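Both complexes shown next keep chain A, but they swap its partner, so chain B is in the first and chain C is in the second.
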Partner chain A sequence: MSHAVEIHDLHYRAGKSFEIRELALNVPTGSMYGFLGPNGAGKTTTIRLMLGLLRPRSGRIVVLEGEIPREAPRVLARTGYVPEQPHLYPSLTVAEALRFHAAFYRTWDWKWAEELVGAFHLDRAAVLGRLSKGEMGKLEMLLALAQRPELLVLDEPTDGLDPVVRRDVLTALLEYVSQQNATVFISSHLVHELERICDWVGVMDRGRVVVELPMHSFKNGIKRLRIANAPTLAGDTPFVVLAREQTDGGAETWVVRGWQAPMHQYFEGVGASLRDVVDLDLEEGFVELLRTFREPTR
Partner chain B sequence: MFKAILYTQWKWSRLPLLLMVFAGFALPLVSAQGVESAVHDYWQTEDMLSSLQSWGLVYPLLAAAVGLGLALISWSADHRGKHIYALSLPIPRWNYVLLRFSAGACLLAVPALTLWVGALVATAATALPAGLQAYPTILALRFGLAAFVAYSIFFAVSAGTNKTAGYVLAILGAVVVVQVFIDAVGWDVPFLQPLLLRLVFWPGPFEIFTGRWMLFDV
Partner chain C sequence: MTVDPLFEQIDPRSPTPLYAQIAARIRVAVAAAELRPGDALPSVRQLAARLRVNPATVVQAYRDLETEGFVEMRQGAGTFVRDVQSDKRASERARQAIALVRRMVAEASRLGLSTNEIVAAVAKELEMRVA
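Let's look at the complex of A and B:
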């Protein structure tokens, strides 16, 4: 499997309080990779490192087969980036912002850009400083898409947008991906949104990647189990116990990762009985995962 | 790319540039007031030249202001956006800086050209007394060069972060503090003055701002 983004053993420090340590990420080419994490986890910093906007202390970053930061300009020419905060020049009009941006990209597609201006109902004469948050979000997405990138890096692209605008933006994104087979790296803390569109997921917390795996493994592998006569010590389980809680009547609820149906035999072997297996949605799994990461002894 | 950068810079600086253009055009005309051919003796000519020379102080000040203004405008939008947009564009950083610098330098030519036009008009409208010559082109070239020097210095300083600007100010402050200390202690060690002289006289970068800035001279 080839990777559009490979990060190995990355180390970055900003001030005394924030640090990214031993970060490793692999984004498969052609995937929709959801980068999940709570606020302050280091998602935006990781993205900025990935694009060469920040310089790491150590480690290796390869994006579209180009070493970052050494080959950043070549990589950025093939990458569409939607940052977390609007960063375009506020005194320009929409038309001027398009012309300015287009001047830097050989692959810029004017025809499609004009179509997107219409589809997003953007006023070409409107000054960027007076655009609403939704209009600015759509313009940022338009600029990233119209350059026909091989990789799209989207940092919380729909955060704060109303549902209609969010749908417009995601529709344009999905259309592009279906046409171009581009790789999409999308960071968000809106778990349900990523659940619908992503096929890979990476979870980050406190400057470290907690887990990285295909979305189906993440969703299917995390379960809530109800167990009677649960053993005091879980011992050598064939799955990972993320959390366990006492419930009424002496039963216990376990949240586990890496669950597969034949594993129920484990409970028979330790004298317990498995009462129920409940699927967790991505958000519940995400929350449990972070809770375990932060309190490993729980 | 250059056209796109030049366009943004023109858009940001067009109002200040209008003021600079007006000042550049008006200054030679205003400074030429009072110059007339009906002077008969040495002392009248001397008085007239003194009056012209006092206006000569305004030229380097205007050049410095033009350079400072355009340098600050060059970076202001990028500073506001924390440089994220500029850094995410697919060109090397040095290339982007060069483009911004060149675009600002092109805009510097506008007030310098209008000053030249103003100087030509002032020259044409003035009947010079015998023995005096007009130097409109030299004056405009000198103004352009001084504005470019000021622009380059302020562009370099404002390209950095607030931290860098702080370091520059701290160094300047330290130099002054050392001089004050030396004076207070009574040591006969000239420190600040030789430094200033090195900056102000050839080959110092500020030499261009000194000397006589005269539209009409002997």
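Let's look at the complex of A and C:
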């Protein structure tokens, strides 16, 4: 499998409190990769390192087969980036911002840019400083898409936008992906949105990537189990126990990773009985995963 | 063809992968003759945009349906419903009925309902529908 983004053993430090350690990340070419993590986990820093906007202490970053930062200009010409904070001159009009941006990209598609201006109901003569948050979000996405990139790096592109604007922006993104086999790397707190569109998930916490999996493996492997007569010591389990809690009546609830149906035999072997297997959605799985990553139970 | 009612039950939070949910909805529609032989399915682009899912998800659903013989993907023209034998339609309907009952039974056992209680409730509900 080829990768649009590969990061190996990356170290970065800003100030005394924040540090990225041994970071590894692999984004398969053509995937839609959802990048999750709590505030302050280092998602935006990772994105900025990935694009050569920050210099790491050590490690290796390869984007679209180019070494970062050495080959950053060549790589960035083929990468669309929507930053967390708008980075456009507030005194430009929409039309001027389009012309300014188009000048940097050989692959810029004027026809589609114009179509998107219409679809997004943007006023060409409007000054950027006066645009609403929603209009700004749409303009940022438009600029990234109309350059027809091979890789789109979206840092919370729809967070804080209203549902109508979010839908417009997502529709344009999906339209692009169905025309062209682009890779999309998208960081967001809107977990349910990522659950719909992403086929890979990476979870970051405290400067490290905690897990990186295809979406279906992530979702299918994490379960909540209800167990009667649970053993005091779990011993050798065929799955990873993320958390266990006493519930009323001596029963226990376990959250496990790497679950497969035949594993119910484990419980019979230790004299316990498995009462129920409950599916978790992406958000619950994400919360449980972080909770245990932060306080290991065993 | 009416697409929206066909896909309104897609649930991204379910552990059943989205492609499997989409394929299942189309299989049901074919089995119930809501979709007729020769009917065109929405294009990958249209359906991905409408459901707000990854286009690759729709492609995978259509491929699975093609492998199973429910649809035919014609290069450049789109995806069309095939003429499915009536016994295959019947077995698909039976399969769906079993899946439905399994989900119900699983939920019922979670709630601690007995077999008699479930059977009585189903019989009563169906009686009311018929009447």
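The working rule: the second predicted complex is superposed on the first by the 297 of 298 C-alpha atoms of A that agree within 3 Å, B and C clash if a C-alpha of one lies under 4 Å from a C-alpha of the other, contacts with A are read in each partner's own complex, and residues count from 1 in each chain.
Simple rule for what comes next: a residue touches a chain if its C-beta (ideal position, glycine included) is under 8 Å from a C-beta of that chain, and two chains touch if they have at least 3 such contacts.
All values reported here derive from a predicted model rather than from experimental measurement.
Trainee: Between chain B (first) and chain C (second), which does A:199 come into contact with in this model arrangement: first, second, both, or neither?
Mentor: So A:199 only meets chain C here.
Trainee: State whether A:76 touches chain B only (first), chain C only (second), both chains, or neither.
Mentor: It touches chain B, and chain C stays clear.
Trainee: Between chain B (first) and chain C (second), which, if any, makes contact with A:174: first, second, both or neither?
Mentor: second
Trainee: So in the superposed three-chain picture, is A:282 touching just chain B, just chain C, both, or none of them (first/second/both/neither)?
Mentor: After superposing on A, A:282 lies in contact with chain C but is clear of chain B.
Trainee: Name the contact category of A:220: first (chain B only), second (chain C only), both, or neither.
Mentor: The second partner, chain C, only.
Trainee: One more residue to check, A:53. First (chain B), second (chain C), both or neither?
Mentor: It touches chain B, and chain C stays clear.
Trainee: Kindly classify A:105 by the partners it touches after superposition: chain B alone (first), chain C alone (second), both, or neither?
Mentor: first
Trainee: Sort out for me which residues of chain B touch chain A in the complex.
Mentor: Going by the criterion above, the answer is residues 1, 3-4, 7-8, 11-12, 77, 80-82, 84-85, 87-92.
Trainee: Residues of chain A touching chain C in their complex?
Mentor: Per the stated touch rule, the residues are 30, 32, 167, 170-171, 174-175, 177-179, 192-193, 195-199, 216, 219-220, 276, 279, 281-282.
Trainee: For chain C, which residues count as touching chain A in their complex?
Mentor: Touching chain A from chain C are residues 12-15, 17-18, 44-45, 48-49, 51-57, 110.
Trainee: Which residues, counting only chain A, touch chain B once they are in their complex?
Mentor: Contacts found on chain A: 51-53, 73-77, 81, 83, 85, 87-92, 96, 99-100, 103-105.
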